[in-house]
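Here it is, the structure, as C-alpha cells.
Letters A, B, C and D mark the chains as written, and numbering starts fresh at 1 in each.
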Amino acid sequence: MLDKNGIAKRIAKEIRNGYYVNLGIGIPTLVANYIPDHIEVVLQSENGLLGMGPFPFEGEEDADLINAGKQTITTLPGSSIFDSAMSFGMIRSQKIDLTILGAMEVSENGDIANWKIPGKMVKGMGGAMDLVASAKNIIVAMQHVNKAGESKLLPACTLPLTGVRCIKKIVTEMAVLDVLPEGGFKLIERAPGVSVELIHQSTLGKLYADENVPEMQLD
Amino acid sequence: MINKVVSGAAEAIRDIADGSTVMLGGFGLCGIPENCISALVSKGVKDLTCISNNAGVDDFGIGLMLHRHQVKKMIASYVGENAEFERQLLSGELEVELIPQGTLATRCLAAGYGMPAIFTPAGVGTEVAEGKEVRNFNGKDYLMEYAFDADFAIVKAWKGDTAGNLIYRSTSRNFNPVMAMAGRITIAEVEELVPAGALDPDQVHTPGVYVHRIFQGSGYEKRIEQRTVRPKN
Amino acid sequence: MLDKNGIAKRIAKEIRNGYYVNLGIGIPTLVANYIPDHIEVVLQSENGLLGMGPFPFEGEEDADLINAGKQTITTLPGSSIFDSAMSFGMIRSQKIDLTILGAMEVSENGDIANWKIPGKMVKGMGGAMDLVASAKNIIVAMQHVNKAGESKLLPACTLPLTGVRCIKKIVTEMAVLDVLPEGGFKLIERAPGVSVELIHQSTLGKLYADENVPEMQLD
Amino acid sequence: MINKVVSGAAEAIRDIADGSTVMLGGFGLCGIPENCISALVSKGVKDLTCISNNAGVDDFGIGLMLHRHQVKKMIASYVGENAEFERQLLSGELEVELIPQGTLATRCLAAGYGMPAIFTPAGVGTEVAEGKEVRNFNGKDYLMEYAFDADFAIVKAWKGDTAGNLIYRSTSRNFNPVMAMAGRITIAEVEELVPAGALDPDQVHTPGVYVHRIFQGSGYEKRIEQRTVRPKN
C-alpha cells in the first residue's frame, strides 16, 4: 500500500522530458519532488506562471509571487508571467501536456467528481473544471477507498461532477489503472504487496485485469 | 495624453452606488486593490454584486466587505478561506455563483474584447452547464458563456502612469488585466504613479484607454496567505 | 466648396477633449493637423498603438514603428503598444470614441461602401469592416459627388457594402449631414458659398433640410 | 527550462511541406519573419496556404514566395501593394480570401486560447457574411467565425530566450503574438537570442510554451514601406 509520497513517486514516472505540467493541490504538488534531474519539465501555475520554482528561502518570500495554492514560490530562469485569460487559454488550447489532480470519485467511463459534497460548504471548483475539460492527458491521484473502506472507483459518480469522460489514468495507494475508451478500469500495475484480489474488492466499477499484473517499480 | 489621475480611493469610487456590480482583481490576497476595498468599506455602499476569483479571508480583502454585509452576491471560482462568508452563505444572507476559473477569466476577456459570448468546454456535463447552450465543434462539446457586464472594475497594478497605462508585477497580474478591460468604469490603484512617458510603451500590460481613473495607493499590507519557505541551506 | 483640408478642418471640430480616435487613410489622416492644442486626444493606430505621434524627423525613422497606413511615425509620452487582437478588441468593445474614415458611397440608412469596386483589383477591407461595425461614433469624410458629378449619397449603395446602418455623420466638400435613425440625410451645415439647392441636386438619397441651414464655421 | 533552439531558418522550417497551411506574422513589411521566408523560397515548398495580414510587396516579404508560385491560397485583410499578386489573382493562379483585419486577429486568438469560434460584428450585412451564421446578442448582430487551424505559425520577435519566450519591439508586435499562439508548430526568429533567465518574466509577451522552435536570425533588412518624415526644423 502506497502512502501519499509513494503515489506521487509513481506518478512522477509518467512525466516525459519536455512536458509542460499543471499540478493540482495535495498529492499532485508532491509529484514535483520526484521528477528525476535528467527530465526537463516546466510547471504551470494557473494563476499565471510558467516555470514555477521551489519555495523561497526563508525571508525571501514575495507576496506578489504565489502559486494557485496561494503558497509563496519562486520563478526559474526562463519563467514567464501572464494573466488569467492567457493562462486558461493555454490550458484550453492543450499547450499543457499533462494535468495531475486529485479526485473524490472517478467513474468507469472517466467522469470525475472532486469539487463539491452536497450538504457541506462548497468552496468552488477553482480551475479544476477548466483543466479536466481541456487537458489532453490527465492523471488522477486519489485514494482507492474512503475511510470506511468503500470504493471511490465507481460505475458512476455519486457526487456532483467536475467533468465527464475525461480521465484516462488513475494512480491510487493500491494500483495504477487506465480508464478504457469503451468504459471500465484496466488494472495496469499493483502497489508492492497488494493483491489483484484486494484491488478487485476495492473497485466498485468494472475492473479488467490480465492474469499477471506487474508490481510497480518505484525507483 | 489624457490625464486619468484622481486624488485617491475615495474619489475613485465616489459613484459606486448601492446595487452596483463591481469586479475586483486579484487571486487570493495577491494583487487585490487594498485601498479601494478600504474605501468601499468606509463608504458603506451596500447590495453589491462582486465578481472576483476569491472572496478574501475573514479580516482582509473582500472579507472586510462581507463582514459589513455589503455584498449581496458573490461571483467567484473559489471562496474557501472565509468563515463569515460560510455563515452568510448557509444562512441565506449571501447569494453565491460559483463558476470555473477559466470561464471567469474568459468572460472578462470577452467583455474587454467586445465579444458577446465565448465557448468553453469547462463545465460540460456538470451542474455548471444547467440552462446553458451546449454546442459541438469538431466532435467536442462546449458551453456558450456570456461576457460580463460590470459597472465598475477595480484593479491593482505595480506601476501606472498618468495616462492610465498599467504594469503589473509577477503573479499579482492574475485577473487584473482582464478585469481592467471589462469594466464600464475601470479604476486602477498602483503602488507607484509615474508621469506619462516614464513607462516603456512595449512593457505596458494594460493600455490607458481601458483605465478611467488612477491613483497611487498607500500602506499596502500585501498579506501572504500561505507562507511556504525552505531553509536557507 | 471645401478642399480636402477644409473637410479635415471641419471634422476636427467634432473632436472632444479626452477622445480616443482612430483615423483612416486619406482625408481622415489630415484631421490630426487641425485638432486645437487645448483638445487632448489620443490617436489609435489599429496595427497596435495608442498615442500616435507625428512623423519622425528625417533620419530618425524606425522600421519597427509604423501606423496602419504603413507610414513611419513616432510615439508620444504615455503611448502603449499591443497586439492586433487587443487592438481590435478595444475597437469592438467601443473604447475608441470616434472613428473617421473615407467612403465611396453612403446610403440614406447609413450603409457604407468603401472597399471594393467590382471589376477592379480588390485590395481588401483591412480594418474598415471591424471599425464601422463596432464604433459608436463614426464620421465619414467623402466627396459628395464623383468626377462625373453623380451623387455618392444614395438611396442605397450600389457597391459591395463595408457595413450596414452604421454611419451617423458625413462631412463632404459641400455639407455636414446627419443620417437620421429613421433613414434619410439631414442637412446640418453648408460649406461656405454652397447653396442648399446645389446640395439637394447633389444628393440622390432622401435629403431633409430646414429652412435656414447655417454655413460652416471653420475657425 | 525546455530548450527550443534550432540552428537556423532551414532547420526551423524543415518539415513545412507542399500543401501546408502557414501563418506569417507582420503588418505590411513590419515585423515579418524575413529569414524563414528566405528559407521557404530556397526550399521551394509549394501549394502553401498563407495566412498573413498582407502579402508583401513585389520583391519582399511574402511577395518573394508569390513570385516563385509557392502560394496556392492567400488569406489576408489587405493585399494592395503587389503587382505580381494582382496578376496571379486575375489569371486565376492564386486563390484569395479577404477577411476583416480584426476577424483575422481574433481567429488567431481563438486558436491560441482554445475557443473554437468567436462572435464579431465585422462584416454583418456584407459579402463577408455569406454562408455564415448570424446571431443576435443584445440587439446587435454578430457573425460566428471559426478559429484558424494552421500547421505552422512563423513569427518574428525582437528578443527571445532559449526557452522560447519572446519580446517584440514597438509596432512590429502586431499579429506576431496571436499567430505565435495559433500554430500547431510555432517557429520564432529573433534578432537577439539570449539564455533562459536573461528576460524579465514580467516583460515576456509570448510565453515559451507556445513556441516550438527558435533561432537567431541574421541580415534583417527591415524595409520601410512608406518613409514619412518631417524636416528637422
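We adopt the following convention: a contact is a pair of C-beta atoms (placed from the backbone, for glycine too) under 8 Å apart; a residue touches a chain by one contact, two chains touch by 3 or more.
Note that the structure is predicted; figures quoted are calculated from it, not measured.
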Chain pair showing more contacts of the two, B-C and C-D
C-D
Among the chains here, which has the CA centroid at the largest distance from chain D's centroid?
A
Indicate the whole-number Å distance between the mean C-alpha point of chain B and the mean C-alpha point of chain D.
33
In whole angstrom, how far does the Cα centroid of chain A sit from the Cα centroid of chain D?
36
So, what's the distance in Å between the C-alpha centres of chain D and chain C?
29
Touching at least 2 other chains, the residues of chain A are 49, 75, 81-82, 85, 88-89, 91-92, 134
Listing for chain D: what residues touch at least two other chains?
106, 109, 113-115, 120-121, 168-170, 173, 201-202
Chains as vertices, touching pairs as edges: which of line, ring, star, complete or other describes this one?
other
In contact (per the touch rule at the top): chain pairs
A-B, A-D, B-C, B-D, C-D
Which stretch or stretches of chain D touch chain A in the complex?
1-3, 111-115, 161-163, 165, 181, 195-197, 201-202, 204, 207-210
Touching residues (chain side chain C, partner chain D) in the complex
45-49, 54-73, 75, 81-85, 87-89, 91-92, 111, 121-130, 133-134, 160-165
Interface residues, chain D side, partner chain B - complex
106, 109, 113-121, 137-138, 140, 142, 146, 167-170, 173, 201-203
Residue set of chain B touching chain A in the complex reads 27-31, 53, 76-80, 86, 89-90, 98, 100-106, 108-109, 120-128, 158, 168-178, 205, 222-232
Inside the complex, what are the residues of chain C that reach chain B?
18, 20, 40-42, 44, 49-51, 75-82, 85-86, 88-96, 134
